[in-house]
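These are the structures in question, set out in turn.
Okay, so chain A shows up in both of these, paired with chain B first and chain C after.
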Partner chain A sequence: MSTMKNLFRAREMPVFLALVLVVAIAGIANPAFLSAAGAIDILLGVAIVAILAVGQTFVIVMRHIDLSVGSLIGFTSFLIGDLYAQGYGLWGGLAAALGVGLIVGAANGFLVAYLKLPSLVVTLGALYIVRGIFNDYAFGRTITAAMVPPEVAWIGLNRLGGIPYLFLIGLSLVIVSGLVMRRVRAARDLYAIGSNPAAAELAGIPVARRVFGAFVLNGAITGLAGAVMLGRFNAANANSGIALELIVIAACVVGGVTIAGGSGSVWGAFLGAILLQAITRTIGALGIPQFWQQAFNGGLIILAIAFDKYLNSRVKTTTIMGSHND
Partner chain B sequence: MIKWNLTWDKGVGLFLIFAVLLGSVLSDNFANASNLSFVLRDVTEFAIIALAMTFLIISGEIDLSVASTLNLSSASLGFLYRAGVPFEMAIVGGLLVGLACGLFNGYLVTKLGLPSLAVTIATLALYRGLSYALLGNQPVNELPEFWIGIGYGRIPGTFIPWSTILLVVLAGVAWFVLHHTRYGRWTFAIGVNAEAAKFSGIPVQRTKLTLFAMTGLMSGVAGVVYTLRFASASPDGAVGYELSIIAAVLFGGVSIAGGIGTMWGVIAAVLSLGVIRSALQLAGFTANSLLIVSGALLLISVIAPKITETLRTRTRAESKENIKKTIREVGNEKSTP
Partner chain C sequence: MVLSSSAEGRPVLEMAHVAKSFGGVRALVDASLTLYAGEAHALLGENGAGKSTLLKTLAGVHKADAGDITLKGKAFVQGSTKDSIEQGIAVIYQEPSLFPDLTLAENVFIGRQLTSNGLVDWAAMERESRELFSRLGVTLDPHQKARGISIADQQIVEIAKALSTDASVIVMDEPTAALSSKEVERLFTVVRNLREQGSAVVFVSHRLDEVFALCDRMTVMRDGSTVGSALIPETSETEVVRLMVGREVSELFPKLPPKIGDVVLEVKNLSLEGQFSDISFEVRAGEIFALAGLVGSGRSEVIRAIFGIDRYDSGSVILNGNALPAGKPAASMAAGVALVPEDRRQQGLFMASSVARNVAVTLLKKLSSWILLRKKREEETAGQWAETLQLKFASLADPVERLSGGNQQKVVLSKWLATEPRVLIVDEPTRGIDVGTKSEVHRLLSQKAQQGMAVVMVSSELPEVLGMADRIFVMREGTHMGTLDRDEADPEKIITLATGGVVTR
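After this line comes the complex of A and B, so read on.
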């Protein structure tokens, strides 16, 4: 009984209900939307953003941000294909992708956590530097289907019980991270840091170490996600992953991971990513010109933030009597 | 004796001089009229938006939707013109659309109290989407010759493009307002501490709303300049400009935390980046090196003040230590604690 109650009180519930609503509307208007093929299309499209949104959640929850993920995932997806083509094998490529992800994450984390530099500026710098190094490395070359490791291509194409493997990878990442974020103390610290960094420091939380760790983790996830991206598109070039960072942050925000830090969950971010993707598909299913798609997404994000603000203000007025919202 | 502290914005000014010299040394084709006019034209839209963005970031807010606003203003201009509206009126329409975009951002931030970073990520998508909704797949290419001439041409007998005059005027106004008027001081005060500013009687929300509206309007102006320069209004122009503009403003010494920055630091930064881009291209470097240089400059711009700050507090601590020692020595003589 109480679990049911908790379930309906969860922050993620509105996002989930919105998702059900969107799918229902699309399904009534165009039954083909609900077909297996339609659903699989959504799941396949959502995998990359969903995975990156999980990593980004660790960072945003601490009231930080990581803008370098688009450049990083593009670089590592290219790297995996390129190293495979040069004979280093799948594992060589994955190790390099993980390594690059760790280095970028550690560099961001070091500057933000220990030098106390603003994460927006640091990761914006990293966005350019990584993209620059990547473009220099790629230099007009492209990764073609023949250069994609067959295992990666196989995972990108195949399904388990009708569900794409790429989506399952994202889902398992969410399940594991979701449990970690609920149960593991170091992960709970991230919420404390985001709610009030000074108080977290006073409470004995090793803030710098946690911030550093979260950036490194996000870097590692993003680095490895390069394989997912390569499997999804079966190709890569110097523009891979461009402008992905803002879509990822949008997914987090829609999913209730507030920019101000301290609240939200990986489940929310995951649902946010699926909702954005579902809306895109719904617009197609409803016969609205595809040109309206981005406008709808933008409107949806505004609704999500406004709704979140409304929820928060309601909480405030019920706990602190007579307090007003400004 | 005049004490001349080397602050970051002065450093950027020196860097601009260095960049111009570097460009002249690296390539003979740098300091000629056609290249200089190209560099100026190339930075105009960035610079116009950066002027407004400087105010916004100093006040502690941010606007990621500027590139989409630029493009929506350009698309509206094209849409109106295609629908038969006289070109001059279409320009006014484009500017008004820019203003409306800024007001909408400002409304969401100041009236609903939503975080500007999240709001403007949303309107980034919204305004871009509306550009597509307006124009579909078809760019508007047949614009009046006279206006294209203004957009692309130079003042006769010089290397200076017409759009540069607009930029100089706007930059002058922006500099004056930021550093010599009440609005400018309010902007700084809000960025340092919005709460304190409110209790000092500064109309915080109204000022912020104005700043967002101005940023929208300037993006609209940049949109018109952009349309004339490329003689085309398309739904997919200026993609990704927002982060480059913010990077330039931050490189110019404006603190992302708000409350710190100078207008001429930002102008020097925008020009430096334009000059460096041109110099590197002429010297045979690829666009990639420019990306790396931009990123590195951005990082240096936050690391360098940190280092000088640390050094300064350390010397202060040392001098404090000396004072304590002296007091102790004097104290020993006089035997006071």
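After this line comes the complex of A and C, so read on.
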């Protein structure tokens, strides 16, 4: 029973309800939206953002941010195809993607955790550096369907029980990370760091090590997610992944992962990703011009922040009034 | 005073001859503290005596430069908060250090969450913290988030945390400063229980009545050194005050004979709920008027209200017979009031800007022609002030953050003196600056007063107050406790008023 109560009190609940509302509106306006094909479309579109949102959640709950993920995933998706075409095989490409992800994550993490540089600036720099290296490496080349490892292409195309594999990969990452974020001590430290950085030091939490670790983990997830992106589009070029980091951060914020750190969950970020995707499709289904979609999503982000602010202020006023009773 | 040896058994903690410097500032010179199991031990001293530094050494925030620390017969491992916690030290800081987004249960066990099979066991943490809360005699919901709970409840959570680590030494740094009398009582009950269970509790407080009601023993620090330690029943408030003040008011401060003129500033029945109430005083031209009291007594809040940074609920501020509008710093400045804030890094300076820009910033109107700021004029004005104040810097174009604390303070002062105010309000004018610069600042204030400026000074340093002020207005917990003239003021009278006693004249 208390599980049910907690479920309804959870920060993720409003996001879920918004999602149901959006789907209902779209379904009434355009029944084709509710069809299996429509749903699969959403699930396919959501997989990449959902995976990156999981990694980003580890970073944002610490009151940090990682803007480099769009450049990084673009680069590794290109790399996996390119190395396969050069005969290094699928595993060679995946190993390289993981390696690049770890290096970028470690560089970000080192600068933020140990040199105490602001993550916004560090990862903004990384965004351009990785994109620059990527452009130089790609040098006008593109990865075509023939260069995509067949296993990757197969996973991008096929389904299990009607659900796309790509979505299932994202979902399993969410399930595992959700458990980790809730039940593993080191992950709980990330919340503490974001909630009150000074107190985290005083409580004996190894703050620098945790911040470094979270950036490395996000880099690794993003690097490997290059395979998912390659499977999804069956192609890659020097523009792959541009501006993706903004959609990822939007998904987190809409899903209740507060930019101020300390709260939010991977489930929230996951729902946020689905909600944004569903809105995009809904706008299509309602016949509203596509360019309104971005304005809608922007409004939603601001709404999410205002909602968090409202929740926090409500908590404060109740207790301030409660403490005047002496 | 000799360390009393009547306590039972071996001490749980012995800190002997601890020294610690930050840059050139010696925060601890020769500090010692001995704690026995099952005692509540008061650590006393004026602001800046080194209590916090000593306790932070114990907490693992600082590492001592010299001295021996022995905990339960073993050498104490210093320098990491984690090590300190693991060795049984729990510190409850003045600033709450809970995690607002985490539940109370997790706050209790943060960094050491209970696990089963390697996974965090939420049910066990909630069960145990509920048990701890009820042992402490409070009903708090372990499932609740820490955001927004009262300071008193935050302390209870911190104490529960200390209990859960089986801490042998529990340090409370001014725990009662923000509590109501009911909450203080509850805290005392908790401390007495802790003592009975064998913990050593270090209790830092400026309220001597509390110390005498609660503690078994006390240690007094002054200027970074321990100057005495005694059993509470064997000492008296007078004795403690004498130890705390100790030093003589030196001739460091060249106070010039004042030329007192007409009333310039009048404060009438100023009140702000929860901060201060019914504050009235007059300051005359040429007078240095000190607001004395302990940290948190409401002095800074009063001057912020006078200047217009904060609003006030009732009362009025009158300058030269005209009422100053409430809550308008710009109007106060235009009328001739200047405020030099206490926290100069945060409020007084643009740290990354040049010395010249900082000095001239209050004069932008005067120095501008049409809408462009005249850079040359800016540098000329700044140069004049730098000379008057004997500022030490490489170039006027240097960013202020590169200057020493003392020189930064002089830049703040020049910035405001450059506006030629009628009333200069200074909050802790010499905090954290070296002795040489201190007396220069004092000379300057004294000179300006003699030239007819009215100076309102907030200071926590008794020698400064006694050396500089013509009249001393003592506050405690937001109320006026008494005003002392220069001739009748002495350290004992001020401390007694500030800690809530009655002065016998």
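The rule is short, and it goes like this: the second predicted complex is superposed on the first by the 319 of 326 C-alpha atoms of A that agree within 3 Å, B and C clash if a C-alpha of one lies under 4 Å from a C-alpha of the other, contacts with A are read in each partner's own complex, and residues count from 1 in each chain.
The working rule: contacts are C-beta pairs under 8 Å (C-beta built on N, C-alpha and C of every residue); 3 or more make two chains touch, one makes a residue touch a chain.
These figures come from a predicted structure and were not determined experimentally.
Once the two complexes are laid over each other on the shared chain, residue contacts for A:Ala192 go to chain C alone; chain B is not touched. Judged by the touch definition given at the top, the superposed model places A:Arg183 against chain C, while chain B stays out of reach. Legend: residue contacts after superposition of the two complexes on their common chain; A:Ile305 is shown touching chain B, with no touch to chain C.
In the superposed pair of complexes, A:Gly89 makes contact with neither chain B nor chain C. Ranked by how many residues of chain A each touches, chain B and chain C are led by B.
In the superposition on chain A, contact is made by A:Glu201 with chain C only, not with chain B. Once the two complexes are overlaid on the shared chain, A:Pro31 sits clear of chain B and of chain C alike. Contact with chain C, but none with chain B, is seen for A:Ser263 once the two complexes are overlaid on the shared chain. The contact surfaces that chain B and chain C form on chain A in the two complexes overlap at residues 326. Of all residues in chain A, only 182-185, 188-189, 191-192, 194-196, 198-206, 261-263, 312, 315-316, 318-320, 322-323, 326 touch chain C in the complex they form.
For chain C in complex with chain A, the residues that touch the partner chain are 59-61, 80-86, 91, 93, 97-102, 106, 110-111, 113, 115, 118-120, 145, 147-150, 152, 180-183.
Remark: chain A residues 65, 67, 111, 115-118, 120-122, 124-133, 135-136, 139, 242-243, 246, 249-250, 253, 258-260, 289, 291-302, 305-306, 309, 325-326 touch chain B in the complex. Listing the residues of chain B that touch chain A in their complex gives 64, 108, 112-115, 117-119, 121-130, 132-133, 136-137, 235, 239-240, 243, 246-247, 250, 256-257, 286-296, 298-299, 301-303, 306.
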